[in-house]
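Presented sequentially are two complexes of subunit A, the first with subunit B as partner and the second with subunit C.
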Partner chain A sequence: RAVLCISGGLPKPTNITFLSINMRNILQWSPPEGLQGAEVTYTVQYFIYGQKKWLNKSECRNINRTCCDLSVETSDYEHQYYAKVKAIWETNCSKWVETGRFYPFLETQIGPPGIALSTDEKSISIVLTAPEKWKRNPEDSSVSMQQIYSNLKYNVSIYNTKSNKTWSQCVTNHTLVLGWLEPDTLYCVHVLSLAPGPPRLAQPSEKQCVRTLKDQTSALK
Partner chain B sequence: GLRRCLISMDIHHIEEAFQEIKKTIQAKDTFQNVTILSTSETLHSIKPLDVCCMTKNLLAFYVDKVFKDHRELNPQILRKISSIANSFLYMQKALQQCQEQMQCHCRDEATNATRIIHDNYDQLEVRSAAIKSLGELDVFLAWIDKNHQGTSA
Partner chain C sequence: GQEFQFGPCRVEGVVLQELWEAFRAMKDIVQAKDNITSVRLLRKEVLQNVSDTESCYLIRALLKFYLNTVFKNSLDKAADSRIRKSFSTLANNFFVIASKLQPSQEKEMFSTSESARRRFLLFQRAFQQLDIQAAQTKAFGEVDILLTWMEKFYQ
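Then we have the complex of A and B:
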């Protein structure tokens, strides 16, 4: 049931934005200033650019938390969206505060790929697995971000712990062999996914390390 | 021969130029319930065979209509828009060669899709239509990026 309140009686929430990673789209905001301790609740609506009206998100009506998962409502990533939130406390509520236009296809952060490392004396093989798109239910079939961005690239950074040197390579395929390495040396790798379009935030993978094998020829002497 | 005529240029500096003015431009577009390009039935239904013609038509739409109809007071934004417009002129020249080699054939699908876009534009007051079309440049650039992948850096 919509709560009747005096609009503008409260300051607006601030810093409203979409946090989007692999098409999981979370609306988040900061509480209005000056209301510490007050039991403020929030109500969210969203709008599909080009459509006719604002739509309610029933799970985000009169909520205490300062975030709302709009992944389902914004799952058509080739459309664009707006969202807005207002604060409510007792019989007062703020005016709406609105996001800019949100375009998941160009703005979602691409998560890191999966990384599998194997090694011999002088080389390391790296096998990358593209990150998966957010899915509504765990049992839904998986969609790789590669299927959305066919020209997905990866920036692979390699760190030689002995020489303290780091170098990186930009690859498009999913297997990479690093050759001419030093035997019996610990190398650490982390990878960043790069999607086409304007620059966007990206999440580097966890660092993974592997030691090249001892040089067998010197071992036999 | 080439199934479609690819633009061999780097889209990224256009995307970066637009990225810097996008929030300001889109904030001026107050008609959220209307789109010019963004009806996904229009651009996303374009087949590879029609990519060249559609690209040519949309470049002309922006160069001959949108950039001309738009009035901009902010010098920084104006500079970015001019840079984008110049890049579009360059892309038009690049496509001209395809035209001469008859690889940029326009079928009904591309012609109809172009007409929808012009109709959407003409339904709005001209300044509002221009600002809305500018605000949707990211849609056009993403479409170019996706359909002219063979050549972008």
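Then we have the complex of A and C:
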């Protein structure tokens, strides 16, 4: 049931923005200033650009938290969206505060790929697995971000712990063999996913390290 | 380097990342000026499932429209210098691309060009239903939709 309140009686929430990773789209904001300690609640609505009405998100009506998961409502990543939130306290509420136009296809952060490393004396082979699109239920079928961004690229950074040198390569396919390495040396790798479009934030993978094997020829001498 | 390949039409010498950066610099300003959020000019029906052969006709029509109708007379209204810089980057690159597009005029391509024309008319009619300045602002704010579609043909 909609709560009747005096609009504009409260300051607006601030810093409203979408945090989007692999198409998981979470609206987040900061509480209105000057209301510390007050039991403020919030109500969220969203809008599909090109359509007519603001729509309610029932799970985000009169909530205490300062975030709202709109992944389902914004799952068509070729659409563009707006969202807005207002603060409510007792019989007062703020005016709405709105996001800019949110375009998931261009703005979602691409998570890191899965990395599998294997090695021999002088080379390391790297197998990358594209990150998965967010899914509502774990049992839903998986959609790879590669299916959304056919020209997904990866920036692979390699660090030689002995020489303290780092180099990186940009690859499009999922397997990469690094040759001419030093035997018996620890190499560390981390990978960034790169999608087309304007520059966007990306989450680097965890660093993974592997040691090349000892040089068998010198071992036999 | 990379090039556009709109079906048979190839366009070299354009760095798409520069267009993206130009648009990003003005996105928030321009889109905030668009108050008619219930209208989207580049709707899905305009750009979805465009065949390769159709793409050359469609992109040429769209870019010429942007140059002759959206960008025209807009530059002097762009008070904000960030917009003016982005504006000229986009306009110059759109001009380069459009001038290099030579879609086939052969008879057997008529149905393809007609299909592209119908798509373009969807966009143009939606544009013409709005006040010219509001329509220019909206079309300007939708350049990210256009670039997203163009990127599919950039290799």
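The rule is simple: the second predicted complex is superposed on the first by the 221 of 221 C-alpha atoms of A that agree within 3 Å, B and C clash if a C-alpha of one lies under 4 Å from a C-alpha of the other, contacts with A are read in each partner's own complex, and residues count from 1 in each chain.
Keep this in mind: contacts are C-beta pairs under 8 Å (C-beta built on N, C-alpha and C of every residue); 3 or more make two chains touch, one makes a residue touch a chain.
Nothing here was measured: the structure is a model prediction, and the numbers come from that model.
When the two complexes are overlaid on subunit A, subunit B and subunit C occupy overlapping space and clash. In the superposition on chain A, A:Glu78 contacts both subunit B and subunit C. By the touch criterion defined above, A:Pro204 lies against neither subunit B nor subunit C after alignment on the C-alpha atoms of chain A.
In the superposition on chain A, A:Gly8 makes contact with neither subunit B nor subunit C.
Once the two complexes are laid over each other on the shared chain, residue contacts for A:Tyr49 go to subunit B and to subunit C alike. When the two complexes are superposed, the chain touching more residues of subunit A, out of subunit B and subunit C, is B. Of the two partner chains, subunit B and subunit C are each touched by A:Pro196. Using the contact criterion defined above for the overlaid structures, shared-chain residue A:Tyr103 touches subunit B and also reaches subunit C.
Once the two complexes are overlaid on chain A, the subunit A residues touched by subunit B in the first and by subunit C in the second are 47, 49-52, 78, 80, 82, 100-101, 103, 105-106, 196-199. Contact residues of subunit A toward subunit B in the complex are 47, 49-53, 76, 78-80, 82, 100-101, 103, 105-106, 150-151, 196-199.
Remark: subunit A residues 47, 49-52, 78, 80, 82, 100-101, 103, 105-106, 196-199 touch subunit C in the complex. Of all the residues in subunit B, the ones that touch subunit A in their complex are 12, 15-16, 18-19, 23, 26-27, 32-35, 38-40, 44, 135, 138-139, 141-142, 145-146, 149, 152.
Listing the residues of subunit C that touch subunit A in their complex gives 17, 20-21, 23-24, 27-28, 31-32, 37-40, 43-44, 48, 141, 144-145, 147-148, 151, 154.
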